[in-house]
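The two complexes that follow have chain A in common; it is paired with chain B in the first and with chain C in the second.
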Partner chain A sequence: MFGLDKKDTSKLIIVACLALLAPFILNPFPTDSALAQFNAGYPDLMQRFVIFGIFAIGFNILFGLTGYLSFGHAAFLGVGSYSAVWMFKLIGMNVIPAIVLSVIVAGLFALLIGFVSLRRSGIYFSILTLAFAQMSFNLAYSVLTPITNGETGLQLTLEDPRILGVSATADGSIPVTNLFGLEMRSTFEMAVGPWAFQFNAGYYLCALIMLAAFYLSIRIFRSPFGMMLRAVKSNQQRMNYTGLNTRPYTLAAFVISGMYAGLAGGLMASMDPLAGAERMQWTASGEVVLMTILGGAGTLIGPVLGAGFIKYFENIFSKINDNVLHTWFSFLPDGMEDAVVFIIHPFIGKGWHLTLGILFMLVVIFLPGGLVEGGQRIKGWLSRRKAKDGGKAAGETNPAE
Partner chain B sequence: MGILEVKDVGKRFGGLQALSNVNLSVQENSVHAIIGPNGAGKSTLLNCLVGKLIPDTGSVMFDGQSVLGRAPYEINQMGISRVFQTPEIFGDLTVLENMMIPCFAKRDGAFELNALSAVLKQKDILQKAEHMLEEMNMADKRHMHAAAMSRGDKRRLEIGMCLSQEPRLLLLDEPTAGMARADTNNTIDLLKQISEERDITIAIIEHDMHVVFSLANRITVLAQGTPLVEDDPQNIRGNPKVREAYLGESA
Partner chain C sequence: MSKFDASRRRVLKTGAIAGAGVALPTIFTASSAAAFTNEPTGGTVTLGFNVPQTGPYADEGADELRAYELAVEHLNGGGDGGMMNTFSSKALQGNGILGKKVEYVTGDTQTKSDAARASAKSMIEKDGAVMITGGSSSGVAIAVQGLCQEAGVIFMAGLTHSNDTTGKDKKANGFRHFFNGYMSGAALAPVLKNLYGTDRTAYHLTADYTWGWTQEESIAAATEALGWQTVNKVRTPLAATDFSSYIAPVLNSGADVLVLNHYGGNMVNSLTNAVQFGLRDKVVNGKNFEIVVPLYSRLMAKGAGENVKGIHGSTNWHWTLQDEGSKAFVKSFGTKYGFPPSQAAHTCYVQTLLYADAVERAGSFNPCAVAEALEGFEFDGMGNGPTLYRAEDHQCFKDVLVVRGKENPTSEFDLLEVVEVTPRAQVEYAPDHPMFAGGNLGACNPGA
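Up next is the complex of A and B:
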């Protein structure tokens, strides 16, 4: 289907189901239950899942295929956001021009940075991209204030021209982002018994774009171009002596992944029309590296999983506080309860980074292939068990690779 | 005029004159061996031919065109393929994919942004790669990871990859270094077969006299960065100067 083989089609379908049914899947607990705080099915968070999914999918095209580790991808995300907000200020509140411009501007910016950075490889490349991203961050913060509005961040105002729209709505407020009239913030709430499921227009736009981006990345992975990128990772010497010029290949991969980042930035601004310099900071670049490695670099589905995993932790674990812990462990005797809460305390709330860090270490040490490898090991283990249960003289079942 | 003409090439590394006044003419469709003791400048010369090094003086002409100042991939596209001392292949890719990449390079040139068509739909490339694998007797290994193969197989694959580009000149840098006797003999047979069946010129740098004398029909002896003598194999064997500089030393 769509020019994909069976295995890839099933991957696409799995991601499509996960994305389109996310309001159900992420809301497994009834609204009033004690576990309701583990629900992640609200629009704001779901949008972030898929937007960072796009960011990580794009990053994986560069890092997963060519092995070039960029530490500056947040710069493209930030540039995308700024471009989108400028479109909202100048043209109108429709998200399409904003998203298109953010992809184009991020692509051009990536061409410039990539052209310089790709003269080096390995650690030097990483440092160059990091330097460029920090430079962009600092410029956005200070010198470029007329464009970026510095520390405050770029916001919409009532004085913006919006030549194809209105500067202010009839009741005197700033208009909201929309797709040909469909407001991005409009949410349909469906109550089923004790559950409340939310369907948000903005989320579904992001999800559909994410599916398109995922589909495109599968096509790139399976194309001759994708094979050349893997060859770059494997042996540049042989590439050169096989009549292939590695520079344009790596540059194309860099620009494509920069455009993915720009798309993510544009979507972010389309959901919430403001852009700040902190989106370009090195921590943001580091986050996408973590997502990709955690999910499984070089795999198709890994980055999406990694992005969801980290964003879930960031938003759900950070919200657990001592009071919540006390209610959970109230069944324990008083002294024990306090002791347990004391032990868990550093890992929750503001300490969620510690939990994430430990998980990341465990994954890198025990599952170098990321969550995807974990899934494959479980699958292999299950099929081995099945083979044994079947009473066959279970021949070696090859672990899936 | 040979297909490869090296004239007065010199190369200095700091205080070391690695090559001086090297003149070499490789005739089309011959097997030309370059031998010499360690440090004679064989590898430096080879690197000057493929664009890895640029000589300080002299000229290198391939088929009437200068190769100096061109990048390795450009020189390769002119028709010179190189086999390395340790096989350089794409270890993370399958054997079939390894074989497809030079086919793409031959068809599409140095760069092609072919990002939306599937590899499996490139029937002509697949067919050519499969055909070359069969010729190399490796068809049964096509889905193996290239890094998992034995050294002899890696060498076979590398030679096959070079051949699938249909080069006019094949350069081999000690192709049998570190190989067991059986693998060495297989490689000799393979190279013999290649030079007989194909319209190809082979230049080979080798240490192993057994390999040199079973393959070459022209030999250049290099010593201390300059060619000592260039002649047919039977004359080289008896040449006292060569014995002194090279064979005598090793005997």
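Up next is the complex of A and C:
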């Protein structure tokens, strides 16, 4: 389908099903149960899952294919967000112009930074991108305050012109972001027994764009262009010696992944019209590196899984507090309850970084190929078992993709 | 792209699928029947406490959380009732709010607008919070206030001191009990005049965000009205931890007063740096060099230790106040946690009670009804004397304290002494004062 072979088509279908059915999949526990704490199926987090999925897919086009490790990708995300918010301030609340402009501006910005940074490779490239990103962060944070509103973040006000829309709605509030009238925040709640599922318009827009982005990334992976990028990763020197100039290819990959980041930034601003400078900070750049490695660099589906994993920890584990723990373990005798809470305490709430760090270490040590490798091992183990049952030899193992 | 064989039939098919995909979300636009966002229907009501648990204001955040837990306990009838006994409005019964038991969820703002909004959004969308409160940074407070306005829930600001929170960024769904930069300037100026005279040259170090900017503006305006000069205003990043490179130039600037528009961990570090550089022992222009910290708190005094002795600043509330409300609050907070509350804890506790009381008086959790009950509300017995929640900008007006770092503290909590209680009339200003102009409350938004 869509010019993909069977394996890629099934991958696309799996991602599509996961994305479109997310409100069900992420809300496995009834609303009133104690485990409802672990439900992630609310609009804001679902939007974050797919938006950071787009960000990581784009990052993977650069890192996974060419091996160039950029430590400054958050800069493009931030630039995309600022452009989108400015469109909301000046043009109107439709998300299409905002998203389009954010992709274009991020692309131009990536062209500029890529042109300079790609003169070096390896660690020097990483340092250059990191320097550029920190520079952009500091510009946004203080120097360019009139454009970015500094630390407070760029926000909409009732005084914005919005030439194609209205400055304020009839009841005197700021208009909300929409797609030709369909409000991004509108949510339909479906109650099925004790469960409540939320279907959010903004989420579905993001999910569809993510599917398009995912499809495009499959096509890039399978194209001659993608093959060229892989060649750059395996031995750039040899390519140069054969008389081939690799720079245009790496620059194209850099710009494409920058545009993906800009798209993610524009979508973030479309879901919640605010752009803060901390989106560009190096920790944000590091986060996307973690997402890609955690999920499996160079695989198609890995970055999306990694993005979901990290965002889940950030939003769900950070909200468990001692009070919640006490309700969970209230069945234990008093002293035991306090002891258990005392032991778990450092790993929840503000300690979510610690939990994530430990998991990241475990994944990198035992599953160097990321979560995707974990999945493949389980699949391999299952098929071996099945093969044993059938008394036949296991089929050939698929190489990590 | 390797193989894209676009036949007419295939293009049509793809187009149809894509069209169906785009149209899909439109069937989900119907909203539920609730009258407003997160209308509590069961026997409980959920409040969202969004405080910094990491970052430069983490100490304040931890104390705010303690105050919220205490407030919830009192609202549900536990403990000794604290300020509910001294509060001039008697609508609260100790049986929750409108008979519904109060529950709460917590989140970490990380002192970042993005993280704070994500956390607040999850409280509203996932946990069904009907009111969000907290924040220990004006940038965060303004960002979350904007979000609450859009989502249609009430925002009861915690510790936020920027003029903008109830100035150019004010929102109909947002309310602030804490004082602001302008009030600090108005309260401090007469005291500074008596102490240091009218012929002084000031140097400002300012945290680079909305709070720092507006406080710097307010203090500079108030001191320049005394006849002081402002030689330089330097902005420092909020995330900075070492200020020595900012302190060195002060020595050569000819200034004889350093104004530190810093709060929390920032102020602890910058004051320590300044003292290490020997600024306080210097004599410039024939006068002793002085340091002023316009926004002061006991937690900061504790962090800076010896260095705060004799340094003046303003504060919203202090635990040594002897009115009935303050005494009741200090007693119940001390009983529960073993030490006195900070001003951040006080304002958060009061905000929670004020919200609960407004709901009781309005008879509804509807944000518009609650806002109406809070607007123009006059109350007493909450530690700051008679207080007004002004309808025009949702700012509380009350007395402001000028404090000084104590020379001979008697305990580890007795670090500040109240120099003067500036009466409410002296810190009042018109709603359209230039420092607060440019904003618009808009209309209250009940959401849904």
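Things to note:
Just so it is clear, the second predicted complex is superposed on the first by the 390 of 401 C-alpha atoms of A that agree within 3 Å, B and C clash if a C-alpha of one lies under 4 Å from a C-alpha of the other, contacts with A are read in each partner's own complex, and residues count from 1 in each chain.
Please note the rule applied: a residue touches a chain if its C-beta (ideal position, glycine included) is under 8 Å from a C-beta of that chain, and two chains touch if they have at least 3 such contacts.
Fair warning: this is a prediction, and the values are worked out from it, not measured in the lab.
Ranking chain B and chain C by residues of chain A touched puts C first. After overlaying the two complexes on the shared chain, residue contacts for A:Leu367 are found with neither chain B nor chain C.
Looking at the shared chain after the overlay, A:Gly3 reaches both chain B and chain C.
Applying the stated contact rule after C-alpha superposition, one finds that A:Arg222 touches each of chain B and chain C.
Contacts of A:Ala131 after superposition on the shared chain: neither chain B nor chain C is touched.
In the overlay built on the shared chain, the residue A:Ala252 is in contact with chain B alone; chain C does not reach it.
In the superposition on chain A, A:Leu158 contacts chain C only, with no contact to chain B. When both complexes are overlaid on chain A, the residue A:Asn240 reaches chain B alone and has no touch with chain C.
With both structures placed on the common chain, the touch criterion links A:Ala231 to chain B but leaves chain C unconnected. Residues 3, 219, 222-224 of chain A touch chain B in one complex and chain C in the other. Listing the residues of chain C that touch chain A in their complex gives 1-5, 14, 21-22, 24-32, 53-54, 105-108, 112-115, 117-119, 121-122, 125-126, 138-139, 142-143, 146-147, 149-151, 164, 168-169, 172, 208-210, 235, 237-238, 438-440, 442-443, 445. Those residues of chain A that touch chain B in the complex are listed here as 3, 5, 219-220, 222-228, 230-231, 233-235, 237-245, 248-249, 252, 256.
Taken together, the chain B residues at the contact with chain A in this complex read 50, 71-73, 76-77, 81-82, 84, 88-93, 97, 100-102, 104-106, 108-120, 122, 125, 161, 165. Those residues of chain A lying in contact with chain C across their complex are 2-3, 39, 42-45, 48, 141-142, 150-153, 155-159, 168, 171-174, 176, 182-183, 185-189, 198-201, 204-205, 208, 219, 222-224, 272, 274, 276, 278-279, 315, 318-319, 321, 323, 349-350.
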